[in-house]
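Below are two complexes that have subunit A in common, paired first with subunit B and then with subunit C.
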Partner chain A sequence: MTGLVLRDLRVEIATGGRRLAPVDGVSLSVAPGECVALLGESGCGKSLTALALMRLLPEGLRIADGEARLGETDLFALPERAMQQVRGGRLAMVFQEPMLSLNPVMTVGQQIGEALAVHRALAGAAAGAEIRRLLEAVGLSADLSASYPFQLSGGQRQRALIATMLAGEPRILIADEPTTALDVTVQAQILRLLKRLQAERGMGLLLITHDLDVARDMADRVAIMYAGQIVEWAPREALFAGPVHPYTQKLFSVLPSAQRRGERLDHIPGTVPPLGTAFSGCRFADRCDQSWARCRKEAPGFHERAPGHFARCHLMVEPRPAGPASAPAASGQAVEAQAMPLLRVQDLAVHFPQRKGLLRRVAGWIKAVDGVSFEIAAGETLALVGESGCGKTTLARAILRLIEPTAGSVRLGDAAIGELQGEALRRKRAEMQIVFQDPFSSLNPRMRVGEILEEGMQALRPELAKAERKALVPVLLQQVGLDAAAALRYPHAFSGGQRQRIAIARALAVEPRLLICDEPTSALDVSVQAQILNLLQGLQRERGLAYLFISHNLAVVGYLAHRVAVMYRGRLVETGPAAAVMAEPMHPYTRLLLESAPGRGLGVAEAVEAGTGGEAGCPFAARCREVQPRCLVAMPALRRLNDRQVACHLRE
Partner chain B sequence: MMPGMLAYIVRRVFYAIPILIGVNLITFALFFVVNTPDDMARIHLGAKHVTAEAIERWKVEHGYDKPLFFNPEAAGLAKLGDTLFVDKSLKLFVFDFGQADDGRDIGREITTRMWPSLAIALPTFLVGLLAYISFALTMVFFRATYLDFAGVVLCVVLMSISGLFYIIGGQYLLGKLWHLVPVSGFEPGLAGLKFLLLPVLVGVISGLGDSSRFYRTLFLEEIHKDYVRTARAKGLSERIVLFRHVLGNAMIPILTGAVVVIPRLFLGSLIVESFFGIPGLGSYTIDAIQAQDFAIVRAMVFLGSVLYILGLLLTDLSYTLVDPRVRLE
Partner chain C sequence: MNLPFQPVVLWSDALLFLLVAVLIGFLLHVRRHEHLRAPWARVGQSRVGMATAVVLAVYAAIGVLDSLHFRPALPAEPGQPVQYGNEVLSVLDLMAKPLRSQVEKTYSAPFALHLYAKENLTLADGRQVRDYPRLKYGGAHLSDERERAGDIARRAVVGVAWGLGLAAAVVLVAAGLLARRNRMPPGDALVRLARAPELAALRSALLTLTLLLVLAGSVVQLAGHYHILGTDKVGQDVFYLALKSIRTGLLIGTLTTLIMLPFALFLGVAAGYYGGWVDDVIQYLYTTLNSIPGVLLIAAAVLVAQVYIETHPELFDTAAARSDLRLVFLCAILGVTSWTGLARLLRGEALKLRELEYIQAARAFGVSHLRILSRHILPNVGHLVLITVVIDFSGLVLAEAVLSYVGVGVDPAMASWGNMINGARLELAREPIVWWQLAAAFLFMFVLVLSANLFADSVREAFDPRAERRT
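Presenting the complex of A and B:
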């Protein structure tokens, strides 16, 4: 058999006189033509496992133990020269960051050609023909051979990288989160591509992901990783029918979805144990709600629960002794939205000038936001969805007047934000706050958390005395689920999820009525995402906050939002109640987004990747499966249909 | 691409005009307002017997007897034209540098003296670039070993030794003790090659520590980028990874950083030229400073600024040649 078998891999790093093992006894196998998903939260050791297989561990880390066989070849015993023949040849790897993984100063063709020269001794015209064939095999135009990476979109770069790695005709391809940095629609395309290549070439695929839904669509077998070990290993059907390890069960129960609307999401207490934690028993014991005395004394073995279905847990061989039951997840219904609009956005437009020529004259306009209207009532959540670059963040910034809109109006309550100046504007700004995607860069690293919270209050609630501000800090921290002692520490002492809580506390400090959340959970692991979503729902219940929730994650939107607005190239193409839009999308673009969301079997192939469309007609026409002749000449207007709005000629 | 490039060059030349005017004004202020013609005369005539007449006579002899900006005695346009500003400063723009105190034409002097300067500075620049890059690459190839560590220590040691030491040490060892090369002097043509060896060697060594350490940092920064990992994952050998990928990308900041000094190579080095007796522009400047010849110093300051601005323009242009991501717009 020519598959890949890994046994008892241990990766070590020496720091401060101690040897730590971020990967500690991992075994798995990938058969030819099979897809194995390696799934876990960030930092659990997935990437290091893959890099160890390639013998490309970063400096300072080394393979301390274990055996890897690719067919008859003992990978860890090969001399470096022979290993170079394997790398990119029989065993290849695609990386997470398509933006950074290609050499910026070499053309795509040159980069593929390098691999052809090493592994297939091809050069000249033969190499040129093979490069074209490879580009076409990954769905790219052969003309892109002469392009530089910066001229390609994220999806195209990932395809180019895959083409490079196919050049050596690998038997096994490792893909480390190949779609994490991409839009859902592009993600679906890349996953479909991988699946097709795998079937066509009888190639084994080791797919590393943190997304259960991606594993559901792609994998034949799944390995769940936690703290450097595999805790569950099962065929896909068995795993999705009934995960047996408590950690896997939790991973399923923290996932938001439209079916879970109004439920409080389950959560995993605590955080992933940091590297260097000394374990005495089960590594998950501190966070496991089924643990008992034995779990802390004795590390569980890897038990076979059913044929081919393993789990690292004492429960597999011994029932849990009677004891206090775990706390049931609290549940409650989100308040239904009130009717009075709190925010009213009308025909809002933001155009950026595009300069050209000798005198830098304005040659054209980039219409980032182009005539957007919507309302949000108090206590309501409106989700704004769309691919990256469609104008979501610009719209949010224009509402807050962080950039001046080109046209249109924004009313908050009875005040027109566009007409306010100075003190009056500042007071209204306190009523609208924003939480950003990146909890790492949005907090000043040189200020203590308490100072960060006070600073916002000082600027936007000048009526508060210093003592009053100080007194509010612990109250705010407690509201977002942090300890009062957090006020004295600096942001870097907190994890991603905790920082996002701090950012939310900072926003709440000025008592806003509207909170704009720009992809607040997309940089976070699923278990942390569940905590933040629960927090946002709780705050809405208690304070009647309205949310403008910007997201590309449709599962989150379906779970959280009352209404949805779908944005495409600066315009709204569909709005309506969340449940209705998700169940029955009316615009072809909304349907494409929903079909692209992972966990639904990868949907139908889209002919074209996002690109430029005609100037006159429907902006979506170039990608639309139902395009009509009139779509190319006339722009469809946003029309009302009962409680929904759609901009598509098919709905007129 | 070509018309865009042309428009870009034209625009950049336009941008350079106000900068040059500013440089010209500052030079003028330094040499005529801060240090007035009376002061110059006094310095030249010595402190002992300076009478008002002697100062006047010196100023007339050297053409410094006109008003700064406005000449009420002249007629018509000459009221503005017949001034020190036009005479001494505006003429610099057409590379009319006037005469030195010894009566020789500065412009002619510059065109003859720039060749010896270039004969030293250009080889120093080219050999240096090659040596620094090779040394840095070697350290990077052996990164995180004792060899790399020893290389860094050597760099720091070289950096902390004064340039004068290399000159004097080189002259003593290679010139006096081993009689390999002449201690100093210059001769045009191939026969003068033996005079160039020592100054070039000294020039290269005195820059070795600083530049190699900087290039090593650039390489190391590059080597940890994702695309280098991709190159390794393709199965390329470490040699190809280093030379084609790491060097290919790190050369962009190295080359463009080096281009800025190319125009100034004509000016030579003050210290090297005066120690080795090279009749170039560097020693010309040093001599002029010692002789208090303000006309020469002013000409060299202005020329230096023009060449620097030219260097910046070349830098930006070189980016478009070596980096496909940069398009002049």
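Presenting the complex of A and C:
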């Protein structure tokens, strides 16, 4: 076999006289022409495994044990000079953030040429021809070879990076979360590209991901990693038909989807064990609801359940002794929205001026939000969906008046937010709050959690005395499922999910009626995402909160939202009840989004990645598969069709 | 009131005490906040950091002793109200009284017994000869000039013994404290102090302290009887001048920062946070200020101050007050010209911070701008300020020397390293060369600046967020 074989990899980090192993005994193999997905939550050691294979471990970490063979070569025994030939040659790696992996002061062609010169000794016209061939192979126009990375879109950059990596004609390509930073539509294209290249070139692909659906679309075999070990290793069909390790089963059951609407999502109790935990038995035992005494005493072996299907669990060889069954997940009721609109947004627009020249004259306007209207009732969740850059976040900030809108009105209850000034505006702010995407930048690292929670109350509920405020803090923490002792600690002591809970508690402190959630779970692992979604749903049930839920994750939207509004280039193109929109999209853009979502087999035809329509026509025309002549000349208006609205000439 | 002295608080003293108070307040604040304490604990674990901290502390102690000023009472006639002298002295002057009072006629080399210049001498038999006269104080206790080497060696050994004894006492006290904190027998604590790898930084500090104590012991034994670093043109002890210069150097390094910080903090953070026209105005201001050659601006400002001081003699009751005001003025003008760098840095940081989501969240709560600035932005630029201040310190000490050399620095009558170098400049051409004045200024300044730089390095390393991830 000429593929990649990794055996018993152990990566160690030495701190304070102790040796910790973030990767502890990982074995896997990637055959030529095969795609293996290495799947796990953040911190499980999957990226370190990839870096160890490339021998690019960060300072302080080292390969303590194990063997990696690429064909006949023993990678860990090579001297560094020989390894430089292998790296980017027979073994290449694509990183998550394409902007950071491409040199900003070299053109794409130069960067590919550099790899060609090193690994294939090509120069001059031969190199030029090869660069064009490679660019075309990754679906880029050959003219782009003279472009600098900043001139390319995110998807184009990732394609250019893949072209650079292909220059050495690798036998094995490692892709570390290659699409995590990209929109779903672009993600689908990149995944399709990787799949095609892998088939055409007979290349092995080691795909590192946290997304089960991506693995489902791409992989031939899947390795599930937990706390530095592979816990399950199986062919894709077998794994998705019946996962056997309790951790894998949990990963499946925490995933939200439209079919599970109203259900309370399962959750994995506890958190990932921190690095340096001393394990006496199974690493998952503490969080496993099927564990028994043996799990805590004896580390399970890697048992073969069916041919090629391994799992690291005692259940494989011994049935679980009878004991109290774990309680089934309580199923909650979906919240029913009330009829009275709480938030009414009408023709809201935010235009940013584009200034040019010495005198900074306004040369044009960027219409980030361009005439958006919608309503949200109390107790209702409206999901706002769209690709990055479509104006979702600007819209949210304009509603909160963190940005001054250019035109239009926002009414919350009986007051027009746009007309309020000073004290009245401040008081109204208490009724609408926001939860941000990144739980690490949304909490001030220099303030204690208690101070963070009190700050909003101090500003917006001045009627509360200091003692009352202090008394409210533990109540709030308990509502979001945190210990009261958390109030005295600083944000850095908490994990991402806990920080997001703190951010939610901070918003709840001022008793809002509307909560704007700006991608609140996209930076979190799936098991933590389930906890946050459950929390949001519980709060809605208890307090009748209305949510404006901004997301690009359609599975989450289908699970949580009552209604969906799809946004494209600053305008709404479709709105309607979530179930109806997800089942039967009316706008071609909505359809594209739904079809691009991972987990559907990547079967769709290539869509145009970007491009603008004419000034007058439909902004989506350039990417639309059903484009018609009038789409290019007339802007379709948002039309009402029963309980839905759509802006498309095809639906007139 | 019949005090034997009258306390005098000069402007620079007041500012220095203010600075010390701010420092103590800052320390207490740090102790109470975990996230602030952690990086300082890292400084405490750095060997270089602790060793240089000891050196800096010794300098600071000398500087503070030299800032406790008073006017001694004149010997008064009975029944008359007490009169106080015109001369302002400091506690350091009191402690180093022999150094201050033992003034020779002119230059003499370190440990010399004779002046450096020939004079006409009348011998006991009435003959006139031209020779190097004996010093009035340097080695005056020796009956025979040949005893000098032995006497110096004897005194040095006694001094070293004193130093070692004191150092041993300090080590024992440290071991005792360690034993009490860890509840272990003192013997074990001593072994731990000598061996434990986690106490390496403390060992470095103790070693540095021992070295300094040994040095101080010898100096105390010798300085009263010899001019250990020679004398200058008017016969003043150079070692005493170098000691007095410490205060000047420290004041320039720290007071300038104190004056600069409010400008830099307020303007830099405001420019970054508010943006728009506020940013434009502040940027124009510091760009303009940066375009004026610094030395020119400083020279002009100092000369204006000089003229003011000379035309208003009635405002100053002592000469010390006069030269002190000039020093404060120099600090102020150095502060005004040096805030731009830090302000620019803070502007960039505030630009970044204001887009962060916790600031957005605070705005969504309707928290006032001033409160956002003080609670959200300022604490998050603190590490930058600290690193800049510590790094700038050594640059300012050197700047004082350069400016005094050029003649626009501190008052020529004030002891400062710059003035010492300036005074030594002309004598370098003399044959045989007068080297000790320059060497003394260089030595004292070099140790201070080197310590400050090394300390700044370990502070920067401790506060570097990237260093945390390295193991």
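Criterion: the second predicted complex is superposed on the first by the 650 of 652 C-alpha atoms of A that agree within 3 Å, B and C clash if a C-alpha of one lies under 4 Å from a C-alpha of the other, contacts with A are read in each partner's own complex, and residues count from 1 in each chain.
In the analysis below, contacts are C-beta pairs under 8 Å (C-beta built on N, C-alpha and C of every residue); 3 or more make two chains touch, one makes a residue touch a chain.
What you are looking at is a predicted structure, and each value in this text was computed from that prediction instead of being measured.
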| item | value |
| --- | --- |
| First (subunit B), second (subunit C), both or neither touched by A:Leu425 | second |
| First (subunit B), second (subunit C), both or neither touched by A:Thr73 | neither |
| Which superposed partner A:Leu402 touches (first subunit B, second subunit C, both, neither) | second |
| Which superposed partner A:Thr164 touches (first subunit B, second subunit C, both, neither) | first |
| Touching partner for A:Met54 - first (subunit B), second (subunit C), both, neither | first |
| Partner chain(s) touched by A:Gln156 [first = subunit B, second = subunit C, both, neither] | neither |
| Subunit B versus subunit C as contact partner of A:Glu455, first or second or both or neither | second |
| Doubly contacted residues of subunit A, that is, touched by subunit B and again by subunit C | 59 |
| Of all residues in subunit C, those that touch subunit A in their complex | 34-35, 356-358, 360-368, 371, 375-376, 379-380, 382, 470-471 |
| Residues of subunit B defined as touching subunit A within the complex | 7, 10-11, 143-144, 225-227, 229-237, 240, 244-245, 248-249, 252, 322-325, 329 |
| In the complex with subunit B, residue positions of subunit A that touch it | 54, 56, 59, 81, 84-89, 92-93, 95, 97, 100-106, 114-115, 118-119, 148, 150, 161, 164-165, 167-168, 356-358 |
| Parts of subunit A lying in touch with subunit C, wherever the complex brings them together | 13-15, 59-60, 397, 400, 402, 425-426, 429, 432-434, 436-438, 441-447, 455-456, 459-460, 490, 492, 503, 506-507, 510 |
